[in-house]
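Letters A, B and C name the chains as they come in the text, with residue numbers starting at 1 for each one.
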Amino acid sequence: MISSLFSVTVLVGILASGIRLATPYLYAAIGETFGQRSGVLNLGVEGQMLLGAFAAFYIVFVTGNLALAVLVAMIVGALMGLAMAFVTVNLQAQQGISGIGFYLFGVGLSDLLFQKMLGTVETVRGFPKISIPFLSNIPGLGEIFFNHNLLVYGAYLLVPIAWFVLNKTTLGLKIHAVGENPEAADSLGVSVAGVRYFTIVLGGTLSGVAGASLSIGLLNVFQQNMTSGLGFIAVALVYFGGWRPWGVLGGALLFSMVNSLQLWIQVLGIPIPSDIAVMMPYVLTILVLVASVSRVRGPSALTKPFERED
Amino acid sequence: MKKTVRLFVLFVLVALVVGACGTPATQAPAPAAPAATEAPAMTEAPAATEAPAMTEAPAATEAPAMAEPFRVAVVMPSAINDLAFSQSMYDALLRVQQEMGGPDKFDFVYSENMFVVDDAAAAIRDYASQGYNLVIAHGSQYGSSLQEIAPDFPETSFAWGTTVDTFGQPNIFAYEAAADEGGYVNGVLAAKLTKSNVIGVIGPIETGDAKLYIDGFKAGVTATAPDVNVQVAYIGSFSDTALAAETANTQISAGADVLTGTAQMVVGAIGKAEEANVLWFGTQSNQTSLAPKIVVASQVYHWEGILSQMIDLINGGTLGGQTFAINLENGGEVIEYNPDFTVPADVKTLADDTVKGIIDGSVTIDMGQ
Amino acid sequence: MRSRLSTLFDALLPVLATLAALAVGAVMLLLLKANPLEAYAALWDGAFGSTNSFAETLVKATPLLLVALGICISFRGDVINIGGEGQMIVGAILATWVGLTFTSWPGWLVIVLAMLAGFIGGGIWGGIPGFLKAYFNVNEILSTVMMNAIAVQLMNFLLRGPMIDPAQAQLASKIPQTARLLDAFRLPRWTPTRLHLGALIAVVLAVLVYILLWRTVLGYRIRAVGQNPSASRYAGINVKRYVVLALLLSGAFAGLAGAVQVYGVNYRMITDGSASGFTGNAGFNGIVAALFGQLHPIWSIPASILFGALLVGANKMQRMVQVPSALVIALNGLVVVFVVSSEIWRHRRQKRRLAAAKEDDSPPNPGSDAPVQTEVSS
């Protein structure tokens, strides 16, 4: 029976499914990478995602305008990011805890808005699948890579862009400096507060898009707490990826592919108890990280609030 | 030194606070109770003065009965709008309220999202202590708590679902849904409507109501068309909508052209079914609204019948000790078809015959393991 | 006198911040057409309104305190442990197993063994991420998040299968729960409330953890590694070992919290398939309680009670005023954000006080301030 896993249909299915599943993780984790590189840990990603997911869903429900929905999701995420930035930079609150607080607030508020503004579970017409002409006709590869909706493509385009910004621009240098040694950066004239505000708000914006990618991209539905732990996994993936966009991509894909694999295992009737199957992505993520050789050091100032010595 | 001062100060404050609450403490629950019973009295006053004005004999004779509405509290593990388990009970209570004549006659409150057993226990105990006539613990995980709480409140009636165990307590009713019956009928329909001979099932966790439904469904398929392949996947969560959706995709890619599933996260799966133009069978609530083109039928839970029975029993003095089941026979479970989906006549006849067969016992649901 | 007042203010800061958060909550209540006064009266009533309510608050606070104690240890070792949920679950599984296996042994012995088992189970589940961090440089946030998810599936597997209640196994519905523990194995309660011995155990342990952290070599080393790993290594302390120990001990206390919940509250292990169905989010809320208590084991006691009060009271509020439970969650979040943000005032006031003290001191003595400052501010 295990041999049935090795058919082309199944392999193509697993890969295509994995690529889709990884989308929200990518948006959220790339956003979080920016924040962590500048020294800020944001555990509230999931709250931002849920608010963005609801905002996007509601806009499409009422107006049908997809672009507007994504824009609104970005604004909502950015606003949450602004609040987090204020609490983190100006009030220098303990980052892990404030993140959990924002997470709870986001979960609760998104559910409240859902109950009051929608009332019941509805479906919408979200982002349609766009088959890239010509490329999507390649057998196998076409289905895996070139037959998804815009938000999925967007997530993957984000990776090289993020890499470029973080490694090849002055902004990236500043972010790195602020995350490694904020005192030194400050003395060189870099606004630590400004850089952190930027990265946190950017993280919030991307989390909002991550939520939208779920509610109007992948699922076309909104439900309370539909992210179900996704935000926390995304934060963990930043560590997995060694604070590098390509590493984060690898982590998101690994996690999602294994998740997709265990679904196929169940569907094909391979006799593994369902709970054990569901465990697989988590176990494998740890194992891969243990086995990988690179010892990447994180930003030295991560989670430490910066206070200017006057 | 500073720390001990702070500590002392804080403890003193807490002690003062608790002490201050000490005297009104015994009063606090008391005001809550009269406040609760006063509210219905206030809304009844105008109604009572209206009765003679309406010159309706039945209304006048009902006046004494209106003095005390039947009060119900329900504790639920998920949201009242989950389009599944909890919503089915909430909707049922609304219908009972309507049948009985409105909030004056039938008053109910709810606690939703009580997935923490501990919090649910506190809620159940609290409701009982506030004098509700019937406290419904709508979740199989609440049984342990009920076992402890019920003896402390012999005047209150408790109902526990979904299960058959009343713990031998005189004030606990047990109720369950014979989910396997409707599952069986859905399975029969599905087996007849599939063209690819592959059917996919998306479940949360292999337990309770979900397991019952899915096992019944499988039995129905096997009994109708033994060579149809039923693919079952349990995703390990009641809330992961994205994973449920992806499971549906996987099922479809593996060849399924008919899907079913249970629990609130299946809304994701239904969306995918609609996209791929694959048929869907629902359970617990009527899921037609989510995908009007492809939902064939849903097994809908109607708890109203057993609720009314319980209310009558309670009014008559029996507070528990009986078990109820909603099934096809007593109308507690109804296969509600999607009016916009045309089921071929012979298939519909087979389904109706199956329902009759389950009711009169000629059809047995063989669930194997 | 002024210093006494400012000490009072510092101590009350979390309470004031909570009130501020509740004020924002009042706005939300108004928007939901609920009466904030009625709602908050219900909240107070639910938490402190009667002996029974206060007992419920303490019952809720007990696992928070135990988890918080573990967090105090780990954070002082500069290790972030967000695996409390998984550690609670594994500790509870092992403790329940003890109670179900050794049914002919005397009650007190089984209880002690079960608590120990909970400690060990949580310790293993915390020790693994600790080991991975120390020897494989696997970040503990990643490993603990993953271990949480794994623990949930492990619990589902065991409670549906090998550890299922024999009475359930025959029913078609198969509720994932274990058999009930024998009456003799339950933690004594202060009837008619639900307050159980676990609360007392937690308070005693708080004192012990204080002693551990500040009066033993082990504690000193954990704190040293937390404050300055390179200096500690130079001083001959095996940093890796103490990183593992910090996470292991932290997990152990969370595991004990799980065992206490089983033996004190539910008398069996039962799940609805999620982590929080069993833990009630104590794994996360315990972190918040620890931080409210300034990562000090003794201060964690009132902090846990305050937080427990908030959680219990908010549920009561939801029942009485019939607002959606989502509001309670949002309120929970607001309180956390406000309290954690208020720390800056305490921090600034401390700095000002120390600066003022420096000016008063003559001749200035630069060396003496530093060690005091780090103790007080942490």
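In the analysis below, a contact is a pair of C-beta atoms (placed from the backbone, for glycine too) under 8 Å apart; a residue touches a chain by one contact, two chains touch by 3 or more.
Note that the structure is predicted; figures quoted are calculated from it, not measured.
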Chain of greatest Cα-centre distance to chain A: B
Chain pair with more C-beta contacts, A-B versus B-C: B-C
Distance from chain C to chain A - Cα centre to Cα centre, in angstrom: 28
Approximate Å spacing (C-alpha centroids) for the pair chain B, chain C: 33
CA centroid of chain A to CA centroid of chain B, Å: 35
Residue numbers of chain B (touch at least two other chains): 205-206, 236-237, 239
Residue list for chain A, restricted to those that touch at least two other chains: 111, 115, 224, 229, 275, 278
Sequence positions of chain C contacting 2 or more other chains: 153, 156, 160, 324, 326
Residue ranges of chain B touching chain A (in the complex, touch as defined): 79, 81-83, 200, 205-206, 231-237, 239-243, 245-247, 249-251, 253-254, 264-265, 267-268, 270-271, 274-275, 290-291
Chain C - residues contacting chain A, complex: 28, 32, 80, 82, 132, 136-139, 141-143, 145-147, 149-150, 153-154, 156-157, 160-161, 284, 287-288, 291, 324, 326-337, 340-341, 343-344, 347
Interfacial residue positions of chain A with respect to chain C in the complex: 41, 43, 47, 87, 91-94, 96-98, 100-109, 111-112, 115-116, 224, 229, 232-233, 235-237, 239-240, 273, 275-276, 278-279, 282-283, 285-286, 289-290, 295, 298, 303
List of chain C residues in touch with chain B within their complex: 4, 7-8, 10-12, 45-46, 48-54, 56, 59-60, 153, 156, 160, 171-177, 180, 192, 261, 265-268, 270-274, 276-281, 296, 298-299, 302, 305, 312, 315-316, 318-320, 322, 324-326, 376
Chain C partner contacts - residues on chain B that touch it in the complex: 2-3, 5-7, 9-11, 13-14, 17-18, 21, 24-26, 28-29, 32, 77, 109-119, 121-123, 126-127, 129, 139-141, 143-145, 152, 162-164, 176, 180, 204-209, 211-212, 215, 236-239, 367
